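Chain nomenclature is as follows: A, B, C, D, E and F, assigned in order of appearance, with residue numbering initiated at 1 for each chain independently.
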Amino acid sequence: MFAKLFANATVAHAHCDLYCGVYDPAQAKIEALSAVKTAKKYAESDDEVFRARCISIKEEVLEKTKHHLMVLWADFFAPPHFEEFPQLHELFWKATHQAGEAKKSMDPAVGEQLLAYIDEIAEIFWKTEKAQAMGVYPPA
Amino acid sequence: MFAKLFANATVAHAHCDLYCGVYDPAQAKIEALSAVKTAKKYAESDDEVFRARCISIKEEVLEKTKHHLMVLWADFFAPPHFEEFPQLHELFWKATHQAGEAKKSMDPAVGEQLLAYIDEIAEIFWKTEKAQAMGVYPPA
Amino acid sequence: MFAKLFANATVAHAHCDLYCGVYDPAQAKIEALSAVKTAKKYAESDDEVFRARCISIKEEVLEKTKHHLMVLWADFFAPPHFEEFPQLHELFWKATHQAGEAKKSMDPAVGEQLLAYIDEIAEIFWKTEKAQAMGVYPPA
Amino acid sequence: MFAKLFANATVAHAHCDLYCGVYDPAQAKIEALSAVKTAKKYAESDDEVFRARCISIKEEVLEKTKHHLMVLWADFFAPPHFEEFPQLHELFWKATHQAGEAKKSMDPAVGEQLLAYIDEIAEIFWKTEKAQAMGVYPPA
Amino acid sequence: MFAKLFANATVAHAHCDLYCGVYDPAQAKIEALSAVKTAKKYAESDDEVFRARCISIKEEVLEKTKHHLMVLWADFFAPPHFEEFPQLHELFWKATHQAGEAKKSMDPAVGEQLLAYIDEIAEIFWKTEKAQAMGVYPPA
Amino acid sequence: MFAKLFANATVAHAHCDLYCGVYDPAQAKIEALSAVKTAKKYAESDDEVFRARCISIKEEVLEKTKHHLMVLWADFFAPPHFEEFPQLHELFWKATHQAGEAKKSMDPAVGEQLLAYIDEIAEIFWKTEKAQAMGVYPPA
């Protein structure tokens, strides 16, 4: 069941570098969820056209995931955050790299690992003071 | 205060037509919020470069808003929804058209009206059964 | 025969929201025609690479079709038009939704139905006074 | 008067390299017309925001014009055409280069010269046998 | 061996029409090299997903190749260059058209011919005085 | 003098995640050079249109710079590299963040600092064994 997949997940969104002051890991998360669901639908189908579309659409939503992650990493987080959360650079590398892995694989587990990384990032995001002013979908 | 702007707002997200089965008015909403904040920052600045960037970045986030609205309208909602919510076509037209108006204006009120339309759409979205399975950020 | 396909078709073009004042259903129509021809070529080929390219190129031209339709709907047509042509909202929904259906199917008939909707839109377009000033390819 | 601008103009359209078999100089022409109208509206306005949008939207429609020209040149026209119409390479260079010039200038005359080049291309396009099968909007 | 492929190749780069004054055939060349390597990897794989991705990624890098070629042709080179190098228009047509051919084929030789054309263009590029001021990666 | 700007610079290029096996910091570098030159031309001009175009074109080339940096960071470099070059994560953050700063500023020095970071990345890139097989423009 997909609903279970993000049942306990921290909500997550992301944004641009005007900077406009709106950031939320949700943007990365929605695209990554789309990739996971697409991988699952691919496995359940034997329609050549549908499967080909799954591969290219998954590619595209994961590229968007990478973009949204880059925005959060380079534009929202600042040196004091990297001091406070010393694992943050590596966590972003893992998430961005994992999005590339998820392009290569139709195994939903690869995308679910990506979601797990995004949730870790979201958890840190919502611990910052900056997120209180700039985030949109705080965890309930 | 920006926080006040969406204090009582229904959460809102949106997505693609594989269809992957992930939809959420949040995507439209985040971009529209970015447009509103950008309009406000424009008004507070007298830096020529910053103001020029505000105009073009607002253009871009509103184009994304329009795209996310189109996806919700054409891919998520189906004939039975339009019967149940007879104002839905017109509401989507108003929202999409308003995004165009918000490109033309630096008055934050124009973007706030867009947000109001997106919130109306989100409210309807979350009333549907389909949204329970496919939405990501249900209202708290 | 493809020539027959649009023999009696109303010409059709589409455009952006500056607004610059140039609109024509032709833009939507050319992309939709490309989708139909691509579906036909797909059926006639057994080259794996060609067929894969057909699927993704059709996807892309139909996304452009959707975009051009959205521009016509939200930027060219205005409330008085929706009063005069009460079926217009639904017609645009059907056309935009059908473009999504045409992404999913390699059956040229699905794209031909899309063309039929675009032709209906074009017919209404050319009945408006606004189109006289802003259209580019009026029906012969 | 804009209507006068293309009163005697040969119709003109353009397309992709599957190849799908749909080509028409109309695509290049519609974007170029949009650039000309935008330049004219720029001259008539003293609204800072509107003028800034004119500059960037004109940039974008001219980039699309260049793209559509490249498709016609590299994908539709073939060596026998270049033998039959020896000026064709240079004509395409002039048109594509002129689109760049039209980005740099707000003088509508620069865009009108671009339209004139596109019309020359369209005239040659419609003289070819290939255009009978692949064109969409033949001159009336 | 891929290394051999460009062992004696003239370096090659490309750019935009502000104009900013930075041009280099390297941009076209890197994308074209990516297409060749992708075609080779396609031949060596029997993974359905990998092969589908090869087809669409090759498509994309070749589209970028075409774009970079168009920029060099229309923005960098000027009438005096076309007089001095009378084959230049045809050479650009061949290169741009060959990029289209390379989209259609998984035979690396098709992409290698594209590289050969780009190298010819690069050789002429670096013979111009303009390239001394605007090029970035002159041949060693 | 611009020529001086990159006189002793390490060459630098970048690429996609098929992965096709072509990577080079040159791609990031060419876009960043374009941003620096654009900032200089902006300072020398008092043409309103030219200056507006400088702002938006610089925005675009810097967005491409960020993209190329992300590809190098997430797709080319791997955990062993981050162990060998412990400053690499932070260096990439600084470069990507600096590209955002260079969007905000018309001071060429901001872009020159970006170039300095890209050169540091390129120097590390060319020290890796992987670059010998996958790089295109090694330092002379």
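In the analysis below, a contact is a pair of C-beta atoms (placed from the backbone, for glycine too) under 8 Å apart; a residue touches a chain by one contact, two chains touch by 3 or more.
Protein identities per chain, from UniProt: A, B, C, D, E, F = Putative superoxide dismutase [Ni].
The structure displayed is predicted, hence computed values, not measured ones.
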Partner chains that subunit A and subunit C have in common: B, E
Cα superposition of subunit B on its sequence copy subunit E - rotation in ° rounded to nearest 5: 180
Pair joined by more contacting C-beta pairs (D-E or C-E): D-E
Where subunit A and subunit F are represented by their mean Cα positions, the distance between them in whole Å: 25
Interchain centroid distance [CA atoms averaged], subunit C/subunit F, Å: 41
Between subunit F and subunit B, distance of the C-alpha-averaged centres to the nearest whole Å: 34
Of all residues in subunit E, the ones touching two or more other chains: 52-53, 56, 103
In contact (per the touch rule at the top): chain pairs: A-B, A-C, A-E, A-F, B-C, B-D, B-F, C-D, C-E, D-E, D-F, E-F
Contact set on subunit D toward subunit E in their complex: 17, 19, 66-67, 70, 73-75, 82, 89-90, 93, 96-97, 99-100, 103
Partner subunit F, residues of subunit D touching it in the complex: 52, 55-56, 59, 103-106
Of all residues in subunit A, those that touch subunit B in their complex: 2-3, 6, 11, 13, 15-16, 18, 20-22, 24, 26-27, 29-30, 33-34, 37-38, 41, 53-54, 57, 60-61, 133, 136-137, 140
Complex contacts: residues of subunit D adjacent to subunit B: 49-50, 52-53, 56
